[in-house]
Amino acid sequence: MTLTAGIDVGAGAVKVAIVETGYCGERLRGVCFERIRRRTVESVVDQAFETVLNEVGVRRDQLDYIATTGEGDTIPWRTGHFYGMTTHARGALFLEPKARGAVDVGALHARAMRFDERGRVLEYRMTSQCASGSGQFVENIARYLGVALDEVGTLSRKAEKPEKVSGICAVLAETDVINMVSRGISTPNILRGIHDSIAMRLASLARGIKVSGTVLVTGGLSLDAGLVAALADRLRDGAAVVDVRTHELSVHAGAIGAALFGAFRHEKLAAKQPSQNSTTFSEPANAGGG
Amino acid sequence: MNVFVGIDLGSTTTKAVVLDADGAILGRGITNSRSNYDIAAQVAKDEAFTNVRFTVLRNTLEESGLLGGGLDEFWGLLTAAFELEGYLGHLDRLDVHCRDELGRGHHGDLTLPLSSALANIVKRLRDEAPDLFSPGRRARSDFFRDIAGAGFVNAAGEIAKAGGPPFDRIVGLFDKSIIPVENESDGRGFAPRLSAAFSRVTSGGTGDKAALRQLLNRAMGAELQTIRLVGTGYGRARLPFPKDQIRSEILCHGLGAHLMFPNTATVLDIGGQDTKAIQVDRAGVVTNFQMNDRCAAGCGRYLGYIADEMNIGLHELGPLAMQSHRRVKINSTCTVFAGAEFRDRLAAGDAREDILAGLHRAIMLRAMALLARSGGVRNEMTFTGGVAKNPAATAALRELVRENYGDVTINIAPDSIFTGAIGAATFALRDSVAARPVQEVA
Amino acid sequence: MSAPVQEKIPGRLGEMVAKMEALYADLDLAAVRDWKSRGQNRRAVGFLPVYVPREVIHAAGALPVGIMGGADRIEIVRGDSYFQSYICHLPRSVIELAVVGKLDALDGFVFPSICDVIRNLSGMFKLLLKDKFVHYLDLPQNFDRRLGGRFYIQDMQHLAQGIGRLTGVEVTDSALRASIKAFNHNRAAVRRLVAARSDRPWEVPTLEYFLLLRAGYLIPVEEHTALLDEYLELVGRSGRHMMDNVRVVVRGAFCEQPPLGLLRTLERAGCYVVDDDFVLGAHFIERDLDERGDPWEALAEGFMEYSVPSASKYDEHRTKGSELVRRVRDVRGEGVIFMAPSFCDPALLDQPMLAAALEKEHIAHTALKYSEDTGQFQVIREQAGTFADGLKLWSNA
Amino acid sequence: MSTQTTEKDASMLKQKEMIADHFHALAHAKKNGKKVVYTFVPGNLTELINHFGLLPVLPEINALQSGMRGKSAEYIAIAEKAGHSEDVCTYVKTDIGMLKAGNIGPTGEPLPKPDLLLLSYTGCFTFLKWFELLREEYDCPVVMLHVPYQADGAITPEMRDYVVGQIRREVIPAFERLSGVKYDEAKLRAQLALSARAEDDLVWVLESGKHRPSPIDAWFGGVYYIGPMFTSFRGTQDAIDYYRLLREEIQERLAQNLGPVTPDGPAGAERYRLVVEGPPNWTSFREFWRMFSSEGAVVVASSYTKVGGLYDRGFRHNPDDPLGTLADYCMGCYTNLNFPQRVALLESYINDYAADGFLINSVKSCNSFSAGQLLILRELEKRTGRPGGFIESDLVDPRYFSAANIKNRLESYFQMIEARRTGARP
């Protein structure tokens, strides 16, 4: 049995997952999500890591592999690092075994990837210079509209006549939104308009890599049902049928994927140098587990 | 008194300026732009009118000699109390709206805890208010949203930590309620507010109350007759005025800058979401202009994101950046990424002030490109818009202009943020002069 | 995140790298000024990427100087005022360099016809630098000897005459043959470098490889050949170790060059670049040219028959896809990274065709965009890293 | 007023009919055994294509029409899905998208596949990539006609020989092979003579903009006027008839001192006379036009109406030198002029047409037009002293048409002209 941790350091939040792999397959032992909110990244990582270790009752030294992802390659005590799209794909596959594609929408960037049944990334795209398809965008708009982030999705789904958002810029769109409010457009219609415009960008990312079949939305915005619905609509009007899903643990996909790859790598390394790593494989390592 | 009004409805702030028939500035008003443009324009205009009345009042007081050497002190107390009254009025309405929100039944089990958290916060804000508005305490934002928002968030943080309802939920109340608060007018009006302020000040027993009150009433009664009003700015298309009372902000900024500094040849205006480079001739007529394209990178909002990230006020950014000795080179990126960029640089070991200095320079570099596009920097140059209030931005501008154009006089007025409104008000004045003969014939 | 710092390299190799870095960083063209000051009436002629017959400039007695933009080393103040946001970055920095006088050491400029941006830039130079020699080299896209070949020779001869007017040198056939010879030597040395790097990329890091080629754009060709030889000699003995990196081929960067930080980022993210089109003008002809016959014919043949493909050259025989596949196989590349400058129409429009060819052969590929002044590499690191992860994790799984 | 509308309709109806016939012929090309050649607008060899009885398809025109019909967004999305970058020319992407969506032409009838791609690339490198891409899709032969650039501001004998040589040795033989028709120089001369006749009328129409008020809008209206001449009708009797009708209608308006007719009816008083550089936007064409017409702004001359030839600068197809004249035509189009030439041309328009100012509409798609336009702006301001304006949009990508932004700039620009005209008032 192998016990590994994945730490996903994002622009907006730190996510940690603990995974156990063994004869009975892969088991997610615990997760933790901590928004950074103007704190130093190190302190947030430490806190999140401690929290989840306590929760699942595991000590640091019992971990076989600590895998980082996202901006986590600055964490000195990691065992190894995997890049964001590698881990999100793997995490998505874990959460939704049917998925062959994932769209990850984080605070600043959005990514789309297509992968095979083992989680091997076949193709991917991500946004770069411009934040117009990102979580931060939604956060700003929500703030303008006075809507809490976790209500955004519900409200957006109530839209009857979504308002078209013309501009591309996430900053100028704030003014657009003010205009809409002053024209008496309802909050749901505005939100859905915003969601549609983000979804359009995401869909073009996803289409660019020809996703099809089941696609899991991961990252922070997976919690936003309105965006997920908008994306599903957008991807539906193409030729290929795309089944867009989300999972309550979607936001942890990166961390989960990192932990799983940590295990994968650990086993590969162990196979290469069995003597050195043998202790890690001994039964007592399991003591803390449940 | 006949007055001419200019309103500049910016993407971030709305400004109003009142002129008399000779073109002298009588008053200025500013508020943050909000979803209801009519209200924003109205509030700015009210503020400007209040400003006019205060000017009148001050003159009256001086003439009366009633307070002698105590005038300045009394004046300080009265203006502070007046602001405090305004603040408290807003706070009342914030309280009401928050309660309404709680009453809507979305909050389930949290309704009660949220309600008591709210009561706690409002009480706190009330208690802290007099101190915030005591005379001599400057350097705070001009806007209720910012002042109350900061206090609210801080208090919410403490309450949440002490086992109260979750932080997000408490702050959510504020976010929801601030919009209606901003979108309804003050209700109370100038006179009652001044009167309440007066009572506050005189409760201590300063001077001859009755005589003072009489003077006050006279000043408040002064009739202000708006002859003509011109609107401009980002939101001008939505202003509730007829088309002939609307001017492009380019023209207004050009003219405004010319009026403030008659030798102006080049104008740079950096607002919240747009940057304009304007060339004017000797009469203040625009001969060329360039604006940023559909990307808001490098505008004032960029600094807003940084201030948010650092949890400090906009006015504190510049002074902090000025402490830098080793500027970090930054290629200005997306406004939304500003916070992340800042955090990244911190993580890479750069000092706060050095990063800030780099960010300010990056913004100014973008402005330099626009300036070059519009025909370069000519002597003299006037820098306007909200960002001109930021000393690090102006320092970066001076440096870049010197490096690229040599010795050029750069004008920055303390009230540069009103430039567009001054231009608009002057157009109002000129239009009415030009229109009069036509009306007589007709 | 800021670009990772390169560790110091000891010894003579370190000195050489430092010298190349200094050449790279020298936006004022001190090396060119220095060369000019060492002789009477010396002239230097700048050229833009890619397909420029440097032999002609050389034979006309001028120093050919490659202009590759300003990378991330200059602040663009005026350049942006000439170009909208949706035009690639290179012309901004070139204009910036020109208008602030950093190209003053150059007496003339050659603009090869590789895209509309460079084409229009030639006209802008005509308007802005009225007293300089500006030549637009209209490379033939018709590869028939009697048509395109003839036109190209006429065009090169115009160029030779133009430079000749600057230097007072007439380009004779024998002078041109001598130039071809000098460049043949250089081409051979570059081929050795290219081969060494694809063989042992850990010995020749991308950064040094790039700087080496780049140096050839600023110093006389004979010196550059010597520099290449010495470098190869030294790295062969440097004892640099191999890392667990994947071998990738990079395409699209033939014109605007990626910043150094980006090159480092690629390696840090786990990629050895074993073949690329950086500084392509330094090795666009992959073999020696005829040194005995008509030298103009030899040069024309060089471009028309033996020049490497790029998005700027018409793919007459529809072979660019198979060429790329062959190249990937030759250098044992595990995948291809398409890395084009933002808004570069030729490179970006080429990609889907090349990608299709790779897909047919099941060669992995990915695409990144950059500009010469890209300052943030997270996105690039993540994309390149994911690509490397994919190849690495699954290599023998 | 009503007579005027019907008269206007005559030329418009004629053009509509010509276009409909052409697309109908295309739709039935294969059935009727007709061979199809795809080629580009600038410097097109229409007479030669018609000469061999081949049918021309101009993908740029299809892209433009897709933009006007509101289809381009969808097509661009399809092309981006197929791996095309957001950054590149949207004409290409619209065309590729249309192809992948079934190749339905602007009239709703299907377009035939090409039997040959004539890659005559005048003034734009993207053309080269475009046909390389189409070659991948259609797997058909390509003829390259490399048209050299007027780098030094003139067409040299070498350039002319090069182009004539390519036409003679490569284009004509390829057409002969494809059509089975022999090249007949006498016939081509006759065609070219017809071209020249219509060209005279087109020039007359374009130059009517010198009149005050201008009876035409030489940009928004101009794009309709150049249609037949720049596309597949040059050298046909239809084109001659069309331009004759058009000329008569405009003559009528001139006589009555009327301004242009806009989609919303006759234009109001002429307040601003403008020279415009750059192509228009097609996706919001009417809205865009309205931003001008509602302010009384009329475009009196434009460079876009010269992308298919600088007839107003004296060029006519010359029957006496058939291949030479085709070569000159290829090399003489606006985007094949070098910068000093472009600036000089615009400068003369500003003066000759007594413009109050000039405006650049910079389109994101087109590097050929856009790269360096800001220098053109500056040079023109310097040389003419008249105010320049600058707006940005795209040809067919609606994502790059920000109405509010453009309106804001235009209004500011017009007000600036007004303010400069009236000078400072007390």
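Order of writing sets the chain letters: A, B, C and D. Residues in each chain are counted from 1.
As a working rule, a residue touches a chain if its C-beta (ideal position, glycine included) is under 8 Å from a C-beta of that chain, and two chains touch if they have at least 3 such contacts.
Bear in mind that the values here come from a model prediction, so they are computed numbers and not experimental data.
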Heading the list of chain pairs by contact pairs is C-D
Compute the distance, rounded to whole Å, between the mean C-alpha positions of subunit C and subunit D. 36
Distance in whole angstrom between the CA centres of subunit B and subunit C is 52
Which integer distance in Å separates the CA centroid of subunit A from that of subunit B? 39
If you average the CA atoms of subunit B and of subunit D, how many Å lie between those two points? 49
Shared interface positions of subunit C, touching two or more other chains: 81-82, 84, 369, 378
So which bits of subunit B are touching at least two other chains? 293-295, 333, 347, 373
When you check subunit A against every other chain, which residues touch at least two of them? 167-168
Chain-level touch network, classified as line, ring, star, complete or other: complete
Can you check the complex and tell me which residues of subunit A touch subunit C? 71, 82-86, 109, 113, 118, 120-128, 261, 264-265
Within the complex, subunit C is touched by subunit D residues 82-85, 87-89, 92, 119, 121, 124-126, 128-130, 132-133, 135-136, 144-146, 148-149, 151-152, 158-159, 161-162, 165-166, 169-170, 338-340, 342-343, 362, 364, 367-368, 370-375, 379, 392
Subunit D residues touching subunit A - in the complex, by the definition given at the top: 77, 80-81, 83, 86, 399, 402-404
Quick one: in the complex, what on subunit A touches subunit B? 11, 38, 41, 74, 107-108, 129-131, 134, 136-137, 140, 142-150, 167-172, 174-175, 177-179, 181-182
What part of subunit C is in contact with subunit A in the complex they form? 269, 366-367, 369, 378-379, 381-383, 385-386, 388-390, 393-394, 397
